[in-house]
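Mind having a look at this structure? Questions to follow.
Going in written order, the chains are labelled A, B and C, and every chain counts its residues from 1.
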Amino acid sequence: MKAAPMSRVFPIALNTFREAVRDRVLYNLVAFAVLMSGAAILVGQISVGIEKLVVINLGLTAVSLFGVVISIFIGIGLVSKEIDKRTLYTLLSRPVRRWEFVVGKFLGLVGTLVLNTFFMAIGVFGALLYVAHHFAKPDAWVLVALYFIILQFVIVTGLALLFSSFSSPLMSAVFAFSLFIVGAFAEDLRGFARMTKGITRWIATGAAYLVPNFSALNVITPVAHGQPVSGQLILYNTAYALIYATMTICGAVLIFERRNLK
Amino acid sequence: MLAIEILGLEKTYNVGFWGKTPKHALRPLHLNVEEGEIFGFLGPNGAGKTTTLKLLMGLVFPTSGTARILGMELDDPRMKAQIGFLPEQPYFYDYLTARELLEYYAQLSGVAAKERSRKADEVLAKVGLPNVAGLQLRKFSKGMLQRVGIAQAILHDPKLLFFDEPMSGLDPLGRRDVRDLMEQLKHEGKTVFFSTHILPDAEALCDRVAVIHDGELKGVGAVADLTSGVRGKVEIIWSGRIIPPAFKGLGADCHVTGDTVRAIVSEECQDAALDALRNAHLRLISLSPVRNSLEAYYVSKLQPGKAAAEVRP
Amino acid sequence: MKRSQITMVAGSLLVLCLAASVLTLHRLDELRSHATLEEVLYVSSPQALKRISLGYSGLLADIYWTRAVQYFGSKHVQGAEDYKLLAPLLEITTTLDPKLLVAYEFGSNFLTAKPPQGAGMPDEAVALVKQGIRSNPNEWHLYYDLGFIYYLDLKDYRNAADAFARGSRLPDAHPFLKLMAALAAQKGGEAQMARMLWTTTFETTTNKDIKANAAAHLRALQVDDDVTNLEALQARYRDKTGHFAASFSELESAGMLRGSPRDPLGAPYKLAAEGKVEVTDPDDLPFIEKGLSIGYIPPPKPKILPVD
């Protein structure tokens, strides 16, 4: 009776995914489809020579924002909702470790977001085909930008989960959104930190490195201009996102392992 | 082997704005539950019953003390595979159907894939919900949810069951079903530990009971012992409103309720009392020995000062 | 696995990931040293950026202003030959927050100077400051900056005089502006004018880079003065004695000098052949035109300028 942890993590992930689907989270795709087709038709009509640019910029920005909103709003409820509704009681009285629950919840939401992004990507490429009539080689970089956007969701989900493990949903949402905004300027923050002196420098540097770094994950603008993304950047961004997400999950596990479920 | 061995389990919450005021949810509790018995955990609302169950389930962590279940530590997954838990007013993922929920839980409890569906149907039939397996739980009534809660607790055929207020939210028929089910579990050799504040349920079901109040254990005992003591008195009930004058001499305690009279006399005077009724041509309804009730025991444990006065002789 | 073990594993993993994330960030920062900055090249118009900042343009301006200063600082340390992003960064900054006076001042000082001390783009600097004047017509400092560029960098004395004169008519204007207007109009007194301009900049600026730059210029003017005076002494000494003095003590014993002269940073001047006077370490004194040994090549990376 010693089954591998994954035999419990995956069912939990799958159930999280099922919950998202049944709670009609994927309905956001309808809004996205309306937005993309509207934009494609509109820029196709006015035709000012930057149709592709507009479609890629708008499409990828929408993919990113839709996904971040979903990952925060579901992420903050991943743990706290199960505590509030007491669905956790019958789960944790089974041979399920608390960390398995946390990891399963995380994987479930990330899986949901990957699927969601997949459908959105089809929308973006569809709109691209509509305005440009054919694909060009640099359009492949759009895939890299989408991949980076998914990495961004991985980090945001980890953060939401972390906050959800100790704070109320409202506060969690506030924290996660603030970090999302601040993280977009993470490189500037590290720059500010380098300009300070003394003890401030230590604190500022520490804070700047702790903030999630979303700036390197945003390559929408260069990709819209058909610029390539270096393999090194893909490698290090992947490493960073996985490391950061692991960090947030470890934090969530450490907190949640100790938590009294009143 | 003991099914449950509670060794000084204690839980103190810090309340107040600064978290400086200690609130004793559970004072150090020592309690053993034998294998194969139905054990009732009695106490008013807020006495610490749910806290004890949450401590045993590893949902909250003790301030001090420990406990062993089936001889294993509280955070041992092997132990968790052999127990079932019904929380108070259970709530489940309402986007799932009853069968989906049970199959999911069976998977988490390590039930083999090919058996899950059969197990789910089996326990749903057992708790009296055979026709709603495909219905989403959001459409379930409170009583149905309670039954689903019992179903998920017995789903993986555990050795030991923890039920927190298993009768709450059920109609009289439902309560009888649950009582029957618990009897059946006992026959199957399982141990049942359940909390309740409904004494007749406990009296009907339990081998032993513990009374808890204000987080403190007030007493433990076998139900048979507590209720067997015949106190040398009998209760006589007859129809009509007339109390024969002879009863006065017998030192009887008489009450008239509606069309019946209820009198309690000592055993020695039983024949004299029956003669008096016969002479007055009154119709006897019942004659029975007066036994100690669990209620009397419960009240005496909760309010030691008041108890003696309130319990009828 | 027990709970304490899980805590151990999660805790160690957390620390490990923290360290790894710092290393990865270092590598990412190296990979993208200017990626964030270069995005300004894709900003179709600063006005568009202002619109999409949803009213938080002040904060965004501060961020762009910091980016501009950092961009200039890091490029300057490397002794860069081009500063192609400085102008767009400053333009975005001032479009987002037209009242950010220090940005115009920064532009007038560092967009104009020739590489490696600046971007060598005086026309962009003029455009930037003119934009600043349109947004802040009552800031004498901007007129001063404009006149400064016209006078020192573009040698356009008419426009310089005009800018100084317009600035001098504003309330609270620095009194020097009137004098500058007059001097610029006469197209004369270059050395005196330059000293006055740099002194004003030094005294009125709040930005430490600008202040250090002004101080370096003032030191250079001082050195140029000193060298001119000392070389004149040598010439007089030769007229008297028939040869140049071999040391300052010779000049001293002839009663022409008191003590051995030192440059503004405290290093002694040196007597060279043919009656020339040189500074000990020309690398410390950028912008000097005199006192340099023959064939001196300025260092590729300018030293960090000390603030007086």
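Points worth noting:
In the analysis below, a residue touches a chain if its C-beta (ideal position, glycine included) is under 8 Å from a C-beta of that chain, and two chains touch if they have at least 3 such contacts.
Since the model is a prediction, treat every value here as computed from it, not as a measurement.
Centroid distances built from C-alpha atoms place B farthest away from chain A. Here the chain at the heart of the shown protein, by mean C-alpha position, is A. Centroids built from CA atoms put chain C at 85 Å from chain B. Each chain gets one centre point, the mean of its Cα atoms, and the points for chain A and chain B are 48 Å apart. For the pair chain A and chain C, the distance between mean C-alpha positions equals 43 Å. Chain C has residues 3 in contact with two or more other chains.
Chain contacts: chain A has residues 97 touching two or more partner chains.
Those residues of chain A whose C-beta lies close enough to touch chain C in the complex are 97-99, 185, 187-188, 190-192, 194-195, 209, 213, 215-216, 221-222, 224-225, 230, 232-233, 236-237, 239-240, 243-244, 246-247, 250-251, 253-254, 257. Residues of chain A touching chain B in their complex: 1-3, 7-8, 11-12, 15, 18-19, 22-23, 85-97, 258, 260-262.
Listing the residues of chain C that touch chain A in their complex gives 1, 3, 6-7, 10-11, 13-14, 17-18, 20-22, 24-25, 27-29, 31-32, 35-36, 39, 42, 63, 66-67, 70. Interface of chain B with chain A (complex): residues 54, 57-61, 77-78, 80-81, 83-85, 87, 89-93, 95-96, 104-105, 107-110, 149, 152-153, 156, 162.
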